[in-house]
Amino acid sequence: MTNPDVPEGSVVDIEAHTRNLRIVEAVLFMANEPVDQAVLAAKLPPDAAVEDLLAELSAHYQGRGFHLIRVAGKWAFRTAPDMAFALSEQAKEQRRLSRAAMETLAIIAYHQPVTRAEIEDLRGVSVSKGTLDVLLELGWIKMRGRRKVPGRPVTYGTTEAFLLHFGLDALTDLPGLDDMKAAGLLEQGSVGPALPRLPGDELTATEEPLDGPVEPDEAEDDSLSMKRDAAE
Amino acid sequence: MNAAVPEPGFDTQERQEDSGLIVDVDGFEGPLDLLLTLARNQKVDLRTISILALVEQYLAFINAARQMQLDLAADYLVMAAWLAYLKSRLLLPEPPGGPEPSAEDMAARLTLQLQRLELIRGAADRLGALGKLGVNFFFRPEHESPKPEPVIVQTDTLYDLLRAYGAYRGKRNPPRLSLVKARVFAIEDARHRLERMLGLLIDWNRLDAILPVLAPEPGVRRSAIASMLTASLEMARDGDLEIEQGGAFAPVFIRKRLIPRGEPAEQGEAIP
Amino acid sequence: MTNPDVPEGSVVDIEAHTRNLRIVEAVLFMANEPVDQAVLAAKLPPDAAVEDLLAELSAHYQGRGFHLIRVAGKWAFRTAPDMAFALSEQAKEQRRLSRAAMETLAIIAYHQPVTRAEIEDLRGVSVSKGTLDVLLELGWIKMRGRRKVPGRPVTYGTTEAFLLHFGLDALTDLPGLDDMKAAGLLEQGSVGPALPRLPGDELTATEEPLDGPVEPDEAEDDSLSMKRDAAE
């Protein structure tokens, strides 16, 4: 049997080659830190092609549970990055939204579809891009489309993940103002505009499709929030 | 024990050399080792052991052993005594029916013991010949596992969401204070009514029978009673009215004061 | 291309199989100690055949610079024995056990559970307390329980560290065990005939729990060695 990784050679050559590979493996196995090629060379016969041995091993461990990688010019076995989950108990970290983020989420939930400028208008303060990013990253809000107004601002709405997290079957399960008053969540006598009718996922008459990627800075580029951010 | 004495249980270079000097190239250590070797040399048949040779070798060994480790020498002395006893038992005629095991039994036991010891020595050798951790093979050195990113659990509840929205609505649309005008029958109205009715109040009248016609709310009736009573008291003070009440919580009666002002009111007149 | 190691199956099966192999590799590679099969199973999907995965990996690493071996009933990667020369700086300074200590260890290993008096009976000489202390300190032997005989002497047995040190998977892998059995010597006298597969904590029929600390001098209190100590 011939080893396809080894160039044509005598049986002795192949044996020596295998042995050299094994030495490199063993030394790297026992190393706590990445190993310099020179250190490996010192363990091998003088005629060994360390570079080739490392390349061959590196290829061999590709796609296995741990890889032979080159870090900072040295060599080390490292567990495959996608195996991290299996290596130790994943810690659970409990997190809560900030007050501002929760308020923004609530406004989006009750007033969707809503643009950033509209949220700012409703809240009376600027909405930092970070707040929307947090909510987008949690997957609780999404960009629905664009408002059919000059500047075509992006409209936001809640997602299915939002419903799932808050245990809602549909947006219409969100309690109305009267329910909130009855539950003491809204002060008696507090009035204001009636809640808008909540839309489904289909775009409303005032929206149009996103069509094309949203510039990362787009949510940031309305002059109003720029001014407010500067003033903060 | 002083520091110069080698730690028990471990071979040190020095001690190995010492034992090499004393014992034999094979490096045996225990008295049975020695006996085993001696017995083997004598073809195991202890009957044919030369006591003299045995004792000589023992003495030579013990002399040397004593210089390095008393503990070791003591073991050998016990063994030597036991061997000498066994040898004498083998050579002397058996005591009739004694409780002691026969010399043959003892020899057989010794032989068995020697066999067992040989096996144990073999086992120890084989155990020692096994590859050893940290010498022949290694586990990976201690290393730290990469910590996976923690799973983030959002603890926000629907209640938090609704409270946030409620707080927002309350903040943006603060409740307006509107004072609802209280529906009451004022004292001035009551006095005015009494003054107008004064001519009709020649006889005793129950106060609650002359209340005005009012809105059906109970609060209004209460306020009318209170105002009428207060107004009657005022008018009584002014000398325009007389007030009578039979007892606590009894109906209150009023009538126009017949006696002119300034004169004392009639006393003791019966209430109808 | 088909994987010869995998039984005929769908692409999905093979993918899952490869992934399972990688998980086992990664977990074993990052483990600081030999890993129990159950621990591996917990990291794998419930339908994974852990035993088969381990056998396959074990075969894969045969002839490489480090091996996947079963030791003390657990699994671990370990450098190939013939690679020791390349790892000389890793070798810890090892003190050689004395002949007496090695014989005592062998007796405990092959005859466990065994009392000090039984060891002395087999060796034909007293066992110095130092010898047992050395073995206890190395962590290779432990006090298992007490023999159910008058005086309730402490019984000794080997530990998992003993198996790890000598690279044994089980006590039944002790070399020459068959010879010893054939010679009928394991059944000799009061010495326990039942050699457990692993130095488990389960006591044999002739043992009872230690219940309470062992007096430091207790191992010393057979009259023979007392007398000898006095003679010193």
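Going by the order they are written in, the chains are A, B and C; count residues from 1 in each one.
The criterion applied here is as follows: contacts are C-beta pairs under 8 Å (C-beta built on N, C-alpha and C of every residue); 3 or more make two chains touch, one makes a residue touch a chain.
Quick caveat: nothing in here was measured; it's all calculated off a predicted structure.
Chemist: Give me the ID of the chain with the smallest distance between its Cα centroid and the all-protein Cα centroid.
Modeler: Chain nearest the centroid of all protein C-alpha atoms: B.
Chemist: Centre to centre, using CA atoms, which chain is the farthest one from chain A?
Modeler: Farthest chain from chain A, going by C-alpha centroids: C.
Chemist: I need the chain pair with the most C-beta contacts, please.
Modeler: B-C
Chemist: Could you grab the centroid distance between chain A and chain B? Build each centroid from C-alpha atoms only and quote it in angstrom.
Modeler: Chain centroid spacing, chain A to chain B, equals 38 Å.
Chemist: Centroid of chain B to centroid of chain C, CA atoms only: how many Å?
Modeler: Roughly 34 Å, centre to centre.
Chemist: Please compute the C-alpha centroid of chain A, do the same for chain C, then give the distance between them in whole Å.
Modeler: 47
Chemist: Using the touch rule from the top of the page, what residues of chain B touch 2 or more other chains?
Modeler: If we look for residues of chain B contacting two or more partner chains, we find 138, 140-143, 145-146.
Chemist: Which residues of chain A are in contact with two or more other chains?
Modeler: 29-30, 79, 87
Chemist: Which residues of chain C touch chain A in their complex?
Modeler: Going through chain C, the ones touching chain A are 18, 21-30, 43, 63-66, 77, 79-80, 83, 86-87, 90.
Chemist: Can you check the complex and tell me which residues of chain A touch chain B?
Modeler: Where chain A meets chain B, its residues are 29-30, 32, 79, 84-85, 87-88, 90-97, 99, 102-103, 105-107, 109-110, 122-124, 138, 165-168, 174-175, 177, 180, 183, 185-192.
Chemist: For the complex, which residues does chain B have touching chain A?
Modeler: Interface residues on the chain B side: 138, 140-143, 145-158, 160-170, 172-176.
Chemist: For chain B, which residues count as touching chain C in their complex?
Modeler: Chain B reaches chain C through residues 7-11, 15, 27-33, 70-71, 74-75, 78-79, 113, 115-117, 119-124, 126-143, 145-146.
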